[in-house]
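These notes concern the structure reproduced below.
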Amino acid sequence: MSWNSFGRVFRFTTWGESHGPAIGVVVDGCPPGLALSEADIQPWLDKRRPGQSRFTTQRQEPDQVRILSGVFEGRTTGTPISLVIDNVDQRSKDYSEVAQAYRPGHADYAYDAKYRLRDYRGGGRSSARETAARVAAGAVARLVIPEVTIRAWVAEIGGDAVQSFDAGEIDRNPFFCPDAAAAARWETLIDGARKAGSSLGAIVACEATGVAAGWGAPLYAKLDAELAAAAMSINAVKGVEIGDGFAAARLSGEENADRMRPGDGAPAFDSNHAGGIAGGIATGQPVRLRVAFKPTSSILTPVDTITRDGEATEIATKGRHDPCVGIRGAPVVEAMMALVLADQKLLHRAQCG
Amino acid sequence: MSWNSFGRVFRFTTWGESHGPAIGVVVDGCPPGLALSEADIQPWLDKRRPGQSRFTTQRQEPDQVRILSGVFEGRTTGTPISLVIDNVDQRSKDYSEVAQAYRPGHADYAYDAKYRLRDYRGGGRSSARETAARVAAGAVARLVIPEVTIRAWVAEIGGDAVQSFDAGEIDRNPFFCPDAAAAARWETLIDGARKAGSSLGAIVACEATGVAAGWGAPLYAKLDAELAAAAMSINAVKGVEIGDGFAAARLSGEENADRMRPGDGAPAFDSNHAGGIAGGIATGQPVRLRVAFKPTSSILTPVDTITRDGEATEIATKGRHDPCVGIRGAPVVEAMMALVLADQKLLHRAQCG
Amino acid sequence: MSWNSFGRVFRFTTWGESHGPAIGVVVDGCPPGLALSEADIQPWLDKRRPGQSRFTTQRQEPDQVRILSGVFEGRTTGTPISLVIDNVDQRSKDYSEVAQAYRPGHADYAYDAKYRLRDYRGGGRSSARETAARVAAGAVARLVIPEVTIRAWVAEIGGDAVQSFDAGEIDRNPFFCPDAAAAARWETLIDGARKAGSSLGAIVACEATGVAAGWGAPLYAKLDAELAAAAMSINAVKGVEIGDGFAAARLSGEENADRMRPGDGAPAFDSNHAGGIAGGIATGQPVRLRVAFKPTSSILTPVDTITRDGEATEIATKGRHDPCVGIRGAPVVEAMMALVLADQKLLHRAQCG
Amino acid sequence: MSWNSFGRVFRFTTWGESHGPAIGVVVDGCPPGLALSEADIQPWLDKRRPGQSRFTTQRQEPDQVRILSGVFEGRTTGTPISLVIDNVDQRSKDYSEVAQAYRPGHADYAYDAKYRLRDYRGGGRSSARETAARVAAGAVARLVIPEVTIRAWVAEIGGDAVQSFDAGEIDRNPFFCPDAAAAARWETLIDGARKAGSSLGAIVACEATGVAAGWGAPLYAKLDAELAAAAMSINAVKGVEIGDGFAAARLSGEENADRMRPGDGAPAFDSNHAGGIAGGIATGQPVRLRVAFKPTSSILTPVDTITRDGEATEIATKGRHDPCVGIRGAPVVEAMMALVLADQKLLHRAQCG
């Protein structure tokens, strides 16, 4: 089954392949009356855009978004918002080899097993290019939750984690890294991997503040379950944590308890092991999410594989690729956080007024 | 918003509170003609059932399931299957204190923030008792995927991980532990926590073999995204990994590549870092999932909190609780795996015949 | 595919067969804090209940509803509300013949074609008995829309239409007929049909006042489209009209125009050909729906048919049946109107605040 | 709530306004491997295209469709199919008056009541222009059900019904009329209405043959309920009938019984009052649907109305309009029939293999 929609009342549907004429997204259920133009979306796309440093793919995509519907005289009308981004810099000839052989770690074999045919150019639908559509939709979602601030950063690359956190630093380096020293180390790390024809994994952290206590939805649209699905649906993601995540499994009950005290209006919490969510519902604390990206599967180093006909061969993925997909994953995680929160805000309003 | 259904074509809806008269589940979309009686469901409920050792809550629930619809002359009819489990051993008086004060780590405060009222008896809807309904639904799901074998076990408790794997061992100890030596250590560990009025976290691993290459659904019903949502929707879960999960973020591209070779019918893979899923679609390898459970939030040690009126107080959760909820989480993870796979199998059949 | 849920944010899922132990419904998404007890539901079930006059089936079902979840201390908690109605007066032996031969007009053959097996006792899942579950859910829906008044009546039986409308009359006769003279004629008509071993069709009209302008949802959850689906999902329904319905196809544009004038707060309309809906959205005028019920398919007069094995035979449906299913359809149409409106109210609130 | 998607596994989402740059549709869940190019879609759009005779609006839209995704080397890939149709002949200045005053029978007032703002150019999202997107999606749906033949025609205009049926005649006149004599009469009728500044309603009939017994879905995705929702979601539709529809309410049980006899493979039916559907499931007979279109609300004759500020005024809708929207409704009804059947075929396959 193909299932290219996400969300329950604030919903979006993406379409498009890496090397087709365009990609796009239809955002449905957006409240009316919000000021929206391409200028509200473009900056977020620019953050995710490839070809901006030597640490990401050299594919040059301007990623100019056009709004084709749902906006009138500068405001959302409540009808579906169609966003389109043209593909400009396809070089499909790079992919002739991929047509015949399966790249390990890629979706090539799985798509063939499912559909018996696939658009092999740049990974087709399974390409991370699709995430541009999410980022565009996420920009709309942000307008629905102006009270929320979302911030994602890369917390670790190739096992080397940040040691300090300076929010102002995040946008000053090509890694969305909040620690200048780590950013410097990562430069070396990634250059090394690139030269070796290898690639690196990364961990992206994301925090949302201003989420109202009460958003969320027991039981099968829990805020954390929605975030987990949203994050895991991003290319190359293999793990998701809320709050302390796996580390919580090693704490005792007393250590893990987020004690409460009388606060100013809302309760004050001594800690936030829970990552701002209890029973699937926001507590009003910052919502904390961590996402593990595997190393880019496209590597220059040849690896053993098979052809479509089942013959042994080996493949080296030339093309143009991110040596560490996790880096450009940061704006995507941010977008998915915005999309989930916008949906949950509207769902909460539906039931609880 | 309340959202108590899960699945896309094989769907289930659960209902019921910890201390209400009963809990239950309606399973919709089940294929017709499958042999089904209470005897197919009961053994799975028995595995999850409380009160079977001193390592789980002492609440005595027989958890006898009744089938109220959807089965005729021993076979599913294709119409909704209603399963009901009576609550027998409620002791609601245990919860009078909870009515007034918020238990840190529990959903008490979040539910009040959302709904302005809550059924505080035993946590009401947020109680892990709801997972019995999932296990019952999961037993039906297993009939839809007889070609699949699912096995969950506890891989770690309180930071102490298994060192060996003997599948036969899993059902021989009260911890679903595949390592007899670890099981012995855990006994001491949990007894210690219980006596100290504390609790422990755990990691549950789950593996499904026999999943056909091709099941899964780009992009927003990816097999891994569905599993992540399913796992994260279980009480006390804070992290989810597919395949190598967070460890994959520390591998290089070559290390992480699951090389392929000509196989017997299907391709042979040298490794399974991906956990049997690429691009959201099954590769035919075992599907591997790991789930982190936080320590039980209900602890005897008093912790600071506030009352519904915002006054400082402290609370010790007496009642009857699991010192380590992760243990009984194993059968629940197994059930969710079955439910997701059954749904994906039918979805795949819908689109790809 | 089996699909037993209806609604988008205020959703319900029904289950149960005519001759199983019980039928029921799970209502999900209900706002919290609404006063709800069995006493709020029972009167509506009593209106639909069989065996109350000689003009409906003689099956004696007390239709006592029990609330198993979602209500605490007399108020809805926002969690799923499970309602169960036991089946008491099954006489399954009446249906032995139906097991082997297909009743024309019934779902017998279609179910067998779909599922290859069926619960033939009383029509199983295809029995109108399922509508009791809708009526129970509808009673909950009414609490969500206290500002709305819904009134259904039988407007025509066997081609004999009401000539006058007295709302007070509706509950004074066994036909939900607003015209005492018509009710008297229908008595003769139905007695005649019953004695002849025949049955009659009917048209049910339903009107909802107090629906706020703005409820509704372009394009595929239009208020009229939802009502059409809701009505057509009721057993024996073959036609649905909004406002003037088919008669509108015979009006000119000027005749059909609902002219507007300045009103008191809201605009005043000169007419309501549109039935209170324009572009799928409520205009604030009364929402008007008409529903055609075919004559009961279960008739004593023998008709030609075939057996499961394809042999020619004839069948006379003995059992206990309504000579005119449309009569008891009136409370069901009313319930579906309430369910659709409750859902649309919450959907509107989600998007438009 | 805005809800612009339809379908359960074969789903489509439309977007676009009458006078925006383009309209479009994303079709998701389409099986892979189907031969598809623009040439498969264009002929259906051409049938619905405006400006082809003096009996439809004079707006000149080429309605050229472009496929932007989901097709590779001439075959569907199983990923979402994005179809776009540019708007070419907008004349938005025609609509300046509509910005200030509400056209009776149009969605103007209802949209304002809902969203507090609206794209008034040509009705914006509420324009029948959106139905071009459905027709495009319907062309894709037809590929999923090659075994089914769908045929819609106009059965009545302004109360003047066809007296004979010649399928070959349907495409020989500008009314989709199967009766040459009626077509001649309608010419006069519509010319008269147009000259009088008036408009006419119509009834469209649609028949699908080749629908396999078993498609359909009890209870809330019944084939007839889906068709009713699909038809009622079309602009200007006020009534829907399956089989004999309202006429069935005037038949006796014996008259209405579709008697069965042993047939060749499938059973033979003596009649088809039921319109090919029993209990929401196809019987294998032709599926018969009738749809009532109200007269076009846009008329030249001035009618009383109010302004956005609630002042009395009158409005005559100049612009370019169909004197009878029902005519171009025929290809749209056909498309919706195809879309519902494709979805139900896949749903049936999901559950019943």
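Letters A, B, C and D mark the chains in the order given here, with residues in each chain numbered from 1 onward.
Convention: contacts are C-beta pairs under 8 Å (C-beta built on N, C-alpha and C of every residue); 3 or more make two chains touch, one makes a residue touch a chain.
Since the model is a prediction, treat every value here as computed from it, not as a measurement.
> Count the C-beta pairs in contact for A-C and for A-D, then report the pair with the higher count.
A-D
> Which chain's centre, taken as the mean of its Cα atoms, is farthest from the centre of subunit D?
The chain lying farthest from subunit D is B.
> Where the CA atoms of subunit A average out and where those of subunit D average out, how many Å apart are those spots?
From the centre of subunit A to the centre of subunit D is 38 Å.
> Roughly how many whole angstrom separate the Cα centroids of subunit A and subunit B?
The separation of the two C-alpha centroids amounts to 26 Å.
> Distance-wise, how many Å sit between the C-alpha centres of subunit A and subunit C, to the nearest whole number?
46
> If you look at subunit A, which of its residues touch at least two other chains?
Within subunit A, residues 1-5, 8-9, 14, 29-30, 32, 78-79, 114-116, 125, 218, 347, 350-352 contact more than one other chain.
> Along subunit C, where are the residues that touch subunit A in the complex?
Residues in contact with subunit A: 8-9, 29-32, 78-79, 218, 346-347, 349-353.
> Looking at the complex, which residues from subunit A come into contact with subunit B?
1-6, 8, 14, 102, 104-111, 113-116, 125-126, 130, 156, 158-159, 193, 198-203, 213-222, 224-233, 235, 237-246, 248-263, 267, 270, 273-275, 277-284, 292-299, 301, 303-306, 310-312, 326, 344, 347-348, 350-352
> Help me check something: in the complex, which residues belonging to subunit B touch subunit C?
1-5, 9, 11, 13-17, 20-24, 26, 28-30, 32-33, 66, 68-70, 72-73, 75, 77-82, 84, 114-119, 121, 124-125
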